[in-house]
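Quick one: structure below, then a few questions.
As written, the chain order gives the labels A, B, C, D, E and F, with residue 1 at the start of each chain.
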């Protein structure tokens, strides 16, 4: 019953917060409205999200989030340097397949997203069975290192979060 | 109105009422049909006869009912001597023709139709002669053209019949139209269209500067109807009609309408040089020419037709003389011509009916086989020839008498000489009619062996031939009628004496010369005919056909060249017209002094402008690659949206950006089925032309905008700003305008969207149900496509994003009244959110989880909006009157509830439903074309491993 | 007085119910649609009665005073146009139902009702921007009706129709933008009140607005040189739709009559005479275009379409005089030509559906050839302006009202010669269709073709012919009762030219709603 | 408004301006489409992040109320940027690269652009 | 600023008109889209240009606002134009599928079923 | 100070827009154009927020948010068109 009422509790929470951010004020009326929407919208959209991903370690989530945020800042500086100061012919671009241990679609998506948002890499495509991600690296001399870092820095943490 | 007035109406109406009957009666049998045709005619004739005594006393019977007083048109009838004469002729001959036709027409002919047409025609003709209002006369005039068209074309299977009918309609119709002009001018001069007023205003009319145009226009009507040169050619071709028709139309009625008109207008229009030279000369030429042609016609009916032309010329000439004596002669000859010509046509019809030919060359010797017909034919032909003791002689004599002393362009010889020639020719062809048809030896090669027809057929001509002799021998019997008619024509009080012997006058010499000369001509006929047939001469029908076909061909060329399906050219003309006409309107006046300075331009705005211009030019340059053009359209939309933000129009920005996206989606969906490139096919010249047009249009519109942006003006919107919050309950003035001040516009606007959804759905079905579906089936999807339809990442992100986007939609909806937003944008945002879901997991998969039908959503939206508007009625207020209130439910802070929001909900639902129905329809087409439907939300979910691992890499 | 808005609201409420709720049940949709349209006739008749005393009734939507809100204005003219629309619609709808046209595609009845809503809305509104909105409503509904039942020619012609009208709508907006920028208002009465205050030498902008508006309306009214779209559209539209479209051209004419008489007509120093100076010559050429088209047509439907072009030329020649008498004549001719055009299309539908195509070629005569010939004859003489039907009187009224020596000769010549060419064109067509075709035997040599084209159409029932007959009866009635009708129109026209009356009725804050 | 807030805002704006520029500059400078993909996805996102934080600080400083709705835009961008990049990359690959131009996936299935997903029980 | 807006309107109009006069449906649709932009900006400009004067009533006393009415009109125009574009696209697609060509001009020779000259006429 | 920073940032983004425009016009690949358009969308969001700071008003926030949302959707649509032809198959 509760499951049907709140099929995605995290989503509902996000929506409530999202509503408050949207109206940019915290009043009781908006809180009530936010809760209504936070429950109502997932109920209506539940058919489009048949599964229910399980997130185990909220702290890990925060940790992961901060790491990624930091990496993004760093990544941007690095990439900016490459763009601004490196001659085109000195840029060594690489395709790097990264085999995945993750099985959850949500986890794979977060990983691929992270790869794209962080240092010099873009996740270009997945294998047809989702078991490997093809990463395009803007500039590296050591593809294996890049792959290993992805696996150790992000994938391992995501494994803990999603499984 | 007197009883006699009522009778006049009844007389006018009877044929038309009667016309309804034969068509219905035909099942009762042909005789019954004929009887029921005769009844109204006879009734009308009887009624007419009851009026006759007073008319014969010189009174005028009048009756009038207002019809269209604003125009001066009344149902006004007017029976004087002239009218009586003609009405009697029309009804009398009508009866005879009814009788004759009963026997003449074959069983295969639809007789009901025939009698209906005949009565219609009779009614129209009768209307002309008793009209008391010249506009009413015009109406009957045109009706004769129409009904004669039906009669002449009665034998639909004969090409000559159809062509003859069309020719008659074209020629007499043209004349009728000219006459409309003439009559309207007359009415303008006199200030009334009543005949009484017109007839009383002769001097005023002749003094008017508009006299000549009016005269010419009216004469065009009369001449065409009465087959005067050069409009004479239609009449012989009308002979393709069944003989009863010819006998009726071309002796007593149709062709006499023109003569009647000239006689009717005689007091008003005649007596001037213009009248004399136009009318008399035309008549003279027609008389001679018609006679010449008649002499050489081998077709009996053609001979009679041209003789009719000739006699009509004679009548026209007489009227053209403009003297009272000539008018008397004309009136008398009208009667005489009627009697012998109607009989002659019927005789020719009998011959045709019996021998199955009308070709004189194949006839001869019928005297023995058809004695009755011979007698009738001979009597009437001799009358036509103008032989003494037959009535034709009397009026012809009077004509010659008048001709003998009429001066033409200073010459005393022109008219007498030509009149004599005309008479002589008339004698010749009349003799020929007798000699070559009836006399001579009996032949054994008639197409059909002839004998006299049943009495029903010869009775009518026989009756007329009796009249021919009676009047010929005792002309005084016609004197009263001629007198009263002639007095009506001339407006004088004449007392003519009709007698056989006038003494030895120039006319007698001319007559004798004609009678003898005619015989000589007949003797010389064979060699002369050879010469005639060998000599080249213009064939009127060929010329006419050439003319009509040229005009029709030219018309076809013009309309097909101009309406050639090239919309690009239509649009070019439209744009050029707008620019040229707009520019000319602009330069026709000046501008007030500018009142505003220019706003400054920050660099980023300049960049935005540059982007917009470059993107626009790029779209034009690169439009051949359609996808590229769509990307560039995206740039333009983005730039304009940002520009709206900068220029204080946040609502516009929101709307523009969301509409933009949905539009591009639709275009992409459509482009999927369309060619991906536009061929470069416009020649350089066309490109330059279009470029010039485009630049002109752009300069015009830009210049216009620049001109008004520099000038301030008071607008009504100060009121909107002042009353938005107090009156409309919202601080977003734009939104309050949309849902309140001008909510009615918005109501219309959502209906446009709803209709759009319906149409797209309907087109989709039309395509899927029609031949296009086969083409769709053949679209090959397998090639060149990426293999991931519904990528995992997209699906996952959408699961989060879509609810967020939906919430944004709700947010924008709820705040619209006070802040930028509103139902429309909200609808689009939700639609975009759904679109996201469709793109992620496919339309069908998503659709299957959709609970609300889009049709229903649109309908509900439109109805909610409408009901919200109509809700105001309950409070006695007009549609869409809004109301709002602030609700305070502690501990929640006060919030507003407004009916406008309910209206906005209608907007929201309609927009959402319409957009989704559009997408649905396009998706249906794609699926029909072979697109497969996925059963899972994403291509492959690694968390749910597949059973059969498959080698692929 | 909520009755005024009913001609808009009734179809606007019925349409969604028919289109979105009853979309699977054609019989229910038919009943609802016909009942709705019949009610519309009753309402329109009531409104006409209401307006006939000469009052100008104003309906202030949302209770906002003019010119700030949108108002509906019911006067004799708008009432008459609504009545005309509803009568025509009822006849056409019955025809569409009994001939089964409505079931050859989706959503016929919903679109039809929306179409009525748009047309009535356009006739009733007192606001130029709202006029635009309702133009769009009626146009988009007409797009749907135009391509109803689909097919190649129809789709292609429909596409052109849409494109042309979108271009026209764009120009409409340019004109409205210019108008608002130069006058600051959108209400027609307010415009009429403001226009006289604009000095003649500072009127450049508003002149552009006025003339561009005229071009926009001219596109709808099929005035040369923006008439090119009409023949292909009308010729390819489903016949009942083409018949209904007879009123669409009149919407354009009505807009010119309303806006350009009230706002830019006599008494406005800046724009007086401007529109007439273009309208008159254009209308003259339009007559010629129509006449040439009729005479040169190869097919029946384009022939009829061209005859409509010609009739619009005749109508607008009278309008261009901008005088009360000529307007009376124009209004009479408008009533007449609407019904005449519809009659032709309905008649053509009966004939064409029994032949293979509408080509003016000889084919085996249809059953009921005589009946169809009679109907064609009646419709043709109506359109060509021959007695006894109302076209002749309409033509006479127009000719009689055009007495200005500067224009009379040209106008008379054009109208009369145009009539002649039209008559000849119709005669040629009718001769081929109904006379010459009787020669062709319906024998074996054609039966093969007959089978392949599936032309096995049963004889027309009484109900199929009734709508056409009804229109003929209307045309006869218009002719017989020309006096009273013209009397009403005279008052209509003088009310139209009573600018002050209109302005005060709309702008004065009246107590009545 | 406190100076420190002003300073912070100014610095953030300048940094983000630079990153925004660099992102688009990379779009021009880099020669390979796949390389170009890196520039905007990162530099620009950061640039926008800076602007949004600047905006939050600005409104907090100006009105005294915490302004968080800028986070919404950030959230949208973070959620969407990887997908966008992913799609653009695939669009490029599908049109310009053959499967042989790329390293293998190391599994039984090729890259999703070129290979069909494993068939499921339910999908027949 | 006014000059920029006016010239932008002009450019959009010119581009729109040029594409409107092309021979295929798709560029015509693009042309109408450009014209729609042009006309929206034009209509918007009829309220004159103003910066930072959004017609959202301020709670804090008097402020000056730009003319809201043209904005409302443009909104209506945008929505209508959207509906029209959608229908146009669909009908264009329909015409393409029916005729197997996306030429927007109709070739009149195709629908003249009766090419033989009628001797009776 | 903020004013100067606003102008600087705005000009940076303005130039960025021009660079995006260049890439859109030149291509060469359709993917490049989509990428450049997407970048342009993000730059416009930046400009809108900067403008909001410059004017001291939050009224343009919704526009920026909507641009972010629909920009994504249209980018995906463009790409899906290139990839699959049918964007909502």
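By our rule, a contact is a pair of C-beta atoms (placed from the backbone, for glycine too) under 8 Å apart; a residue touches a chain by one contact, two chains touch by 3 or more.
Just so it is clear, the structure is predicted and the values come from calculations on it, not from any experiment.
Q: What shortest step count links subunit C and subunit D in the network of chain contacts?
A: 2
Q: So which chains are sitting against subunit D and subunit E at once?
A: B, F
Q: Taking each chain's centre as the mean of its CA atoms, which one is farthest from the centre of subunit F?
A: Checked the centroid distances; the maximum from subunit F is B.
Q: Computing the C-alpha centre of each chain, which chain sits at the greatest distance from subunit E?
A: With centres defined by C-alpha atoms, farthest from subunit E sits A.
Q: Comparing the two chain pairs, does D-F have more C-beta contacts than B-E, or is it the other way round?
A: Output for the comparison: B-E.
Q: Compute the distance, rounded to whole Å, between the mean C-alpha positions of subunit E and subunit F.
A: Averaging C-alpha atoms per chain gives centres 24 Å apart.
Q: From the C-alpha centre of subunit A to that of subunit E, how far is it in Å?
A: Distance between chain centres: 42 Å.
Q: Could you grab the centroid distance between subunit A and subunit F? Build each centroid from C-alpha atoms only and quote it in angstrom.
A: 22
Q: Mind checking the centre-to-centre distance between subunit B and subunit C? Centres are C-alpha means, answer in whole Å.
A: The computed centroid separation for subunit B versus subunit C comes out at 15 Å.
Q: Return the residues of subunit F touching two or more other chains; collapse runs of consecutive numbers into ranges.
A: As it turns out, subunit F has residues touching two or more other chains at 10-11, 13, 15, 17, 30, 34, 58-59, 65, 69, 72, 76, 78, 80, 82-83.
Q: Give the residues of subunit A that touch two or more other chains, as numbers and ranges in rising order.
A: Each of 18, 22-24, 109, 112-113, 125-126, 128-129, 131 in subunit A touches at least two other chains.
Q: Where does subunit C touch two or more other chains at once, residue-wise?
A: 129, 133, 136, 140, 143-144, 147, 150-152, 160, 163, 167, 174, 177-178, 180-181, 186, 232, 298, 428, 431, 436
Q: Going by the contact rule at the top, pick out the subunit A residues touching subunit B in the complex.
A: 11, 14-15, 18-19, 22-23, 27-29, 32, 37, 41-42, 44-45, 47-51, 100, 102-106, 108-109, 112-113, 125-126, 128-131
Q: Show me the residue ranges of subunit F that touch subunit B in the complex, using the header's touch definition.
A: 10-11, 13-15, 17-18, 21, 24-25, 27, 30, 33-34, 37, 40-41, 44, 47-48, 51, 59-60, 62-63, 65-67, 69-74, 76-78, 80-89
Q: Mind listing the subunit B positions that touch subunit D in their complex?
A: Of all residues in subunit B, those touching subunit D are 786-788, 791, 793-794, 797, 800-801, 804, 934-936, 939-940, 944-953.
Q: Mind listing the subunit B positions that touch subunit A in their complex?
A: 787-788, 791-793, 795-800, 802-804, 806-808, 810-811, 837, 841, 846, 849, 891-893, 895, 937-943, 946, 952
Q: Which of the residues in subunit E come into contact with subunit B in the complex?
A: Result: residues 1-27, 29-30, 33-34, 37-38, 40-42, 44-57, 59, 65-69, 71-76, 78-80, 82-87, 89-94, 96-98, 100, 102, 104-108, 120-121 of subunit E touch subunit B.
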